[in-house]
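These are the structures in question, set out in turn.
Presented sequentially are two complexes of chain A, the first with chain B as partner and the second with chain C.
So, the complex of A and B:
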């Protein structure tokens, strides 16, 4: 549908476009991360007129090859913590997807940027679309992606005391980081989880927040 | 009186909750103790006042709806005409915790909200009760993840748990009646409420007892 647009991108950015394919009618263009800003500016202001950034998504492919093929159920109680040694690492680990849409032309295209796990940096597109501000904060919060040049890169959903990035595949499924000291209450169904102090540590000793947290300090 | 001992006076009906009457379990509790007429009168008065207070408090529950999730729809249904929580005296939702007796936690409590919930609970005046409305407030529900408090009872003490996702309004009415029963049968002490250790030390005396002691 938007093959002409993909061809235009390929012609304009010969170096930056790595590959392209179509997945169930959605055009996907894999681009180099250094030129993401440039391509986004071209898509918005050029004749493509992609004025709407629908979303920026991120995929963690750490367990992509192993988990679906008998890698073990991560969420079960039998596997308390994620065992990285048994899994074959997959690089590049992260995939960023920019889904942009043109209201005028009624076409959409998805830009994909692949990031290696040792270098999760990508230039921000906040200067192109204002809505990218919160999407990038969201991805920083959930995946720890570092958007270079973002004006206000801090957590948007989780609290400032939260440690780690919960949607990464190596974040422990049962890990809890309570903000206030929790009452001693035995979890009869699930048992103690692998919290910050490990299994068996009372939840009241694992809170990460200050005492007497003032809710008005959170924005 | 033949052997020179004083007669043992026992109150009729309920046994007053005096520490002298219940020094411990086992044989010590079976030892008959002397109950003065003043204690007898005080405990009788406390029982009567406690029953009246329980009746009054159980039938005029002002609730503070801490609505955070989809259970709020069921809460609206409970409050509206068909199920009508007002029939049981829980007439007014008070949207300030300072005027409320019952904190209804309606919906999921996530970790970021838990300081807010704690502060709302601390702002409520004694006596106060808490109802966990729905499974998310009771146990976290199916949100077994990094963001959700696994039951509001990990943050504040909860009196009544109403299960369901969301609970039927009949379940909420049932939970309210259970809470009313609890309020009615619990002892509404005339002495000061235990808030701080220094108040617990020596001021844990009955109000009427102080009056009679003068």
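So, the complex of A and C:
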């Protein structure tokens, strides 16, 4: 049933549909970035009746091949935990996944748009689904994806003064950007700010042999 | 001067008037915590509203990427903190979909049972809050008493009232404790009695009816356009419930109905939640009747922790335990979007694995996020006092909206 929809898309947009596959029951159609608006409009208004845009996901593939198992190096607040030099990062780096659904036909499909890291622009689909407004603002906030034509593209969860985009894989997990200066916490296992080991010291080592100090003496 | 007094309308026309901006929240008792609403008023009428969120942003996705697959579970508790079991189930079903396994038969029933208890708690919270904020404090007390009864059952079952972290890949963490079924059967009639009390107190109450009927109306097509799901969408008459449209776990074996609204207003959203409590009650009773004996978690040491007897008694057991704890289970590479029916709508998880012991990314579609984005649309043209019932009826939960 879902295959018919993929075939329909392939027939209607011969140029724009790059490939399609299915994984664990999810139908994925990779489309050209320029035609995403047109295809979304077709999906919503055409016979597919995809009236519901469930979610727009974004995956940053920067460390997809290099990130490894095991805790540890994430304690660093200076450098990312992984060795970027080991392998060339993937290009296109970003994958947007538009999960759309038809309440009438009970079908879903995921449109995937791939973006290179030097050109993270994609046309907005706010004119197709109103709900795309906030999801696109969310992706702009978290990944820095530039949605061309969005009526109000500004940060949604982070504060306006925030620098960078926190869900990009090269944004360190423990980096902090306080608006008012934080108190000096010299030590806490997972407390705010950098651990005592500083950059590159695994989290597992920062509290090994830690003196049993009275927490009230901190200030 | 005198001619103005002859015509009162002309007098009014001369009064200076301008738009006024009012801040509602983030620390406003009716804002449920963390939303700030910048409202532009013309007199009493709302002409514009801008919701601002992010005060409760905890970095769910970023934290999840630094955790093993099972360490994400406590973060999911905090998404919708009123019905955490539904979040646990939604997330863990995503991981199981990536791996390509299913949980045991008994665990399926347990998940449905826990999920429906949580759904009742969530709806009770929403309804009680509407009552409370419209001045019916009694309703709130009834609702909270019923919710406490259920949360006590969840506490003795999972070990925690709200931060349950109760599911595991391939099953669940704890089986029903001795005597649980009897106690649940004892407290359910009281829960339904209290729900009925709320029903008769509010549903035909003149003041409540006037303040909610015809307020915040939205029709089905527009609601879909805004990304509504769950009770808010069904209040507009659109029949979309994941439990019926794409039955997961054992929902296909349950006999229940999907109540629908007609007008899509605040009253419909309220009454629909009441009706859904009754349906969840039906599902719970059927679960208790049908639940089979058997293991609560699969016997596959690649994903599930070995029993303690094996951990302490065999080298294979201790190795499996060590690997699962230190490295996490190895989930095959892939990308899935998994959706379940949360208490407020479709709860989606977009999960990507690169084949290691940590999720490459876990992103959540909180059902409240798109619904909150439509709040300006719902309250425009109404009076300031109408913000409270409309905002309550969409039951925005800060934890899932702001991640």
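The rule we apply is simple: the second predicted complex is superposed on the first by the 163 of 219 C-alpha atoms of A that agree within 3 Å, B and C clash if a C-alpha of one lies under 4 Å from a C-alpha of the other, contacts with A are read in each partner's own complex, and residues count from 1 in each chain.
To be clear about the criterion, a contact is a pair of C-beta atoms (placed from the backbone, for glycine too) under 8 Å apart; a residue touches a chain by one contact, two chains touch by 3 or more.
The shown structure was predicted, so the numbers you read here are calculated from the model rather than taken from an experiment.
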Which superposed partner A:7 touches (first chain B, second chain C, both, neither): neither
Partner chain in contact with A:45 - chain B first, chain C second, else both or neither: neither
Contacts of A:59 with chain B and chain C, given as first, second, both or neither: second
Partner chain(s) touched by A:158 [first = chain B, second = chain C, both, neither]: both
Per-residue contact with chain A, leading partner among chain C and chain B: C
Contacts of A:133 with chain B and chain C, given as first, second, both or neither: second
Touching partner for A:119 - first (chain B), second (chain C), both, neither: neither
Partner chain(s) touched by A:34 [first = chain B, second = chain C, both, neither]: neither
First (chain B), second (chain C), both or neither touched by A:91: neither
Contacts of A:166 with chain B and chain C, given as first, second, both or neither: both
Residues on chain A lying within both footprints (that of chain B and that of chain C): 157-159, 166, 171, 173
Contact set on chain A toward chain C in their complex: 23-26, 28, 51-55, 57-60, 64-65, 67-71, 74, 97, 99, 103, 106, 108, 110, 129-131, 133-135, 138, 142, 155-159, 166-167, 171, 173
Sites on chain B touched by chain A in the complex: 111-112, 114-116, 118-119, 139, 144-147, 149-151, 153-157
In the complex, chain A residues that touch chain B: 157-159, 166, 171, 173-180, 182-183, 185, 187, 189-190, 203, 209, 213-215, 218
Residue ranges of chain C touching chain A (in the complex, touch as defined): 53-54, 57, 59, 61-63, 65-66, 68, 97-98, 100, 221, 224-227, 229, 238-240, 245-246, 326-328, 330, 334-337, 339, 346, 348, 350, 352, 354, 356-358, 360-361, 363, 365, 369-370, 373-374, 402-403
